[in-house]
Amino acid sequence: MTFPLNTWYVACTPDEIQAGPLGRQVCGERMVFYRGPEQQVVALEDFCPHRGAPLSLGRVCEGKLVCGYHGLEMGCEGKTVAMPGQRVRGFPAVRAFPAVERHGFIWVWPGDPAQANADLIPALHWAQNDEWAYGGGLYHIACDYRLMVDNLMDLTHETYVHSTSIGQPEIDETPCQTRVEGDEVITSRFMNGIKPPPFWQMALRMNGLPDDQLVDRWQICHFTPPSHVLIEVGVALAGHGGYDAPDSVKASSIVVDFITPETATSIHYFWGMARRFKPQDPALTDQIRQGQGNIFAEDQEMLERQQQNLLRWPDRQLLMLNIDAGGVQARRVIDRLIAAERTAPAAATV
Amino acid sequence: MTFPLNTWYVACTPDEIQAGPLGRQVCGERMVFYRGPEQQVVALEDFCPHRGAPLSLGRVCEGKLVCGYHGLEMGCEGKTVAMPGQRVRGFPAVRAFPAVERHGFIWVWPGDPAQANADLIPALHWAQNDEWAYGGGLYHIACDYRLMVDNLMDLTHETYVHSTSIGQPEIDETPCQTRVEGDEVITSRFMNGIKPPPFWQMALRMNGLPDDQLVDRWQICHFTPPSHVLIEVGVALAGHGGYDAPDSVKASSIVVDFITPETATSIHYFWGMARRFKPQDPALTDQIRQGQGNIFAEDQEMLERQQQNLLRWPDRQLLMLNIDAGGVQARRVIDRLIAAERTAPAAATV
Amino acid sequence: MTFPLNTWYVACTPDEIQAGPLGRQVCGERMVFYRGPEQQVVALEDFCPHRGAPLSLGRVCEGKLVCGYHGLEMGCEGKTVAMPGQRVRGFPAVRAFPAVERHGFIWVWPGDPAQANADLIPALHWAQNDEWAYGGGLYHIACDYRLMVDNLMDLTHETYVHSTSIGQPEIDETPCQTRVEGDEVITSRFMNGIKPPPFWQMALRMNGLPDDQLVDRWQICHFTPPSHVLIEVGVALAGHGGYDAPDSVKASSIVVDFITPETATSIHYFWGMARRFKPQDPALTDQIRQGQGNIFAEDQEMLERQQQNLLRWPDRQLLMLNIDAGGVQARRVIDRLIAAERTAPAAATV
């Protein structure tokens, strides 16, 4: 197992279960997500105990999940509650996974349900906050989730992969600092007195600021386990304090990345951006989402081809340079969590 | 081996070998089908003894199958009969499979040729009978052939999978009876005084009967090995005797299903409908074929996803409810035939 | 290993590396091809020692290959020469493969670099010679490279696979002669007083000769290891000496085939035609390339389906007829080379 199980992953968004049940594999488990009788989110094994059909091909009727093959009605605990013409008391149950809707996402705990604690879901101060706007999307990428963590914790790749949007040589030229605070890994880079790249020129204009002046730019990547990477990014007109400059001279936002393993070599990648400026402007949200979607699509081929190369040369050690410190430290946190699960009582994983 | 070999399967239709040889895998064997010198159907291994090219890429010339690579001429016994510039006497033979054209289909016996007996091909009273019309099609579905047998022997799925055409709640609500007569399994259901669903409303109109009155509806599924399911279906205006009502107040037909394993997890599914009304109306045949094709296409995703689930959870026992009795009994017949082949003399399988 | 490694294969054409680096797998090795600082061709493992990204996704900057992920700069010996903000002295090297540009192709030696000798690249008198014109293309085919050698050393297949262009019954009817001269295998066939097939009718017209007269036709296939097949082909008006007739009464050319194994069951197939008539007519070059491309595309399905059949029936012996002598002898040469590599000192393969 290359991922921890006793932790919360983003499984899907509310939009995705609006029209009916959603089948999605998370951490190797095939799950079905839907809303139960109190509109609460439910996650079950995507397997009908009658004949093994995927429950996600069915429909939700008054909060019960009705199998689309022969009409078995599944309850939100994973127990069959009814079936036409049948007594269902002895039917075997399917596994129910703890699931919680919070911050505009649906979170699932693929491990031991007894340990699931909704308080462990990260606090996201910008989520569903009127002063902030959020827009994002979902990509499926055929790579180990840790390659995406590496990608996001070492932004020097922007200079090469995203050279036409957010990349610029100064990212490469400016050293970064990495520190670990408990299970959090923070990599930060401050570039002062540089020209803003195209994406930030746009953001400056959207903030009513000039786009042709030198700026101080920052990138502060926060990894928290299992695989969340939130990146504080922004520019301020040069000489006003950079990250600490007053709002009137800066444009800033948070790049949001929730990386959910599907298998050992594929992920559901929930990406987005939270911004505090012009939060009531949905056209701007769409425009940023479009731009960000284009940028993150540039990573896809690189990550998938990197994954193929690593499978082809499994014995080669990769380098761990200073720029890789964020990813390296994040993997240490991940490894520690996995090791802790392995040594925990057998009951921990069903 | 999950299928019997010493039995007749439908391999293809005459149409499919009209323009030239047809390559098709049956029960794991790659075969080529074509017409020999007396127009008789021939089934051989699809392997040229010269360099291993598929013979099905060749053409038929005066009843000989000419390899499309270097012109080897194959005879209908699997022996090379000629090749330009060569003496072919010592060429190794390829396997010939017993093949028979009957009832508008081409049947193949993938097992021991010595045991092949054309009398074992099922009698189909409706086939090539002027009082009946037949129309059908062929689907390739990635599932174990027994999942399709299950599907056809438990029609409660119509309520869920085919809710817009032939499904209706009464199917679920009416118990079925299953009985076994030798190797035949029969599951029947009689629903009296119900509203006809859309497909049967159409059939009533085609028979010059009102489509807005209550009817008695029946479904009588006949499984015979290895994997043929013929279903007597129909409706009669309510109160005239149902299945036994006179022709003047009913619409009825036979749903025809020949399921031929390609591999352990894929099938060639020959489906169709034989009807005794308006047999000389080819437009009606086409209309029914179109409707039936749409209905059977609805099963495909369910069956393929069910198969994937069963491969993913190989150790889970499925339930065997009363509605599943037809499929369960059919599997017992199949298992008995497979066991008999295993204990037969080794010569039985080449 | 089913192919020799200490030999030269055609890897790509200069066109393919004009716009940037090219990733291509040769003999199971993932390689990147590009031009170094002196415009010389370079072949390296397609693996960045930093994080394993394919170097072929990068770009060439002043003869250095810059990784497209984080900017590592790779030198043409496989050693990292620079990386922004890093000391690279201790970085592990990647493998460099000897590569040479010659005769309009880029050749690579996938085996022991110490044994690579550019003098072993075949002399091609027609290449880059003003009296000759060359046009060709590249196909990817999913078959063992030896099946393509067989194909080209036994042209009786033209009668069947290419019946509408270059095939004609006389090929089948005329015996061929095969001889071995060292590592070269030569199969020749001379057909006198026959009607020219469509392709050669066109060539006769292009030479200002009548296309409706009998001709003497020849095919002389030259195999040289590892997998080059050059075929002298042509027609002369009948009775003027055939192959030895004066240029004024004949049309002739050389069919060029360089077959490069990608894996054990797939190839990069570089095909083309060199002609000595109207060499300065690029429209004619295009026309011939188009026609030849259509002809060679006819082989693709046959070879791929033959390969699938051989994988399905791995234990069947193929026949070795007189027409197969060219392929059989070529395989003996290949086997001898592979055996020699196996018994060579271990240093021979890295």
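What to note about this one:
Order of writing sets the labels: A, B and C. Residues in every chain begin at 1.
What we mean here is this: a contact is a pair of C-beta atoms (placed from the backbone, for glycine too) under 8 Å apart; a residue touches a chain by one contact, two chains touch by 3 or more.
Every value quoted in this text rests on a predicted model; they were computed, and no experiment measured them.
Chains touching both subunit A and subunit B: C.
At the interface between subunit B and subunit C, under half of the residue numbers involved are used by both copies, so each side presents largely different positions.
Subunit A maps onto subunit C through a rotation of 120°, based on Cα atoms and reported in steps of 5.
For the pair subunit B and subunit C, the distance between C-alpha centroids works out to 48 Å. Taken together, the subunit C residues at the contact with subunit A in this complex read 30, 46-47, 49-54, 57-58, 66-71, 83-86, 91-92. Of all residues in subunit B, only 150, 154, 156-157, 159-161, 169, 172-173, 175, 301-302, 305-306, 308-310, 312-313, 316-319, 321-324 touch subunit A in the complex they form.
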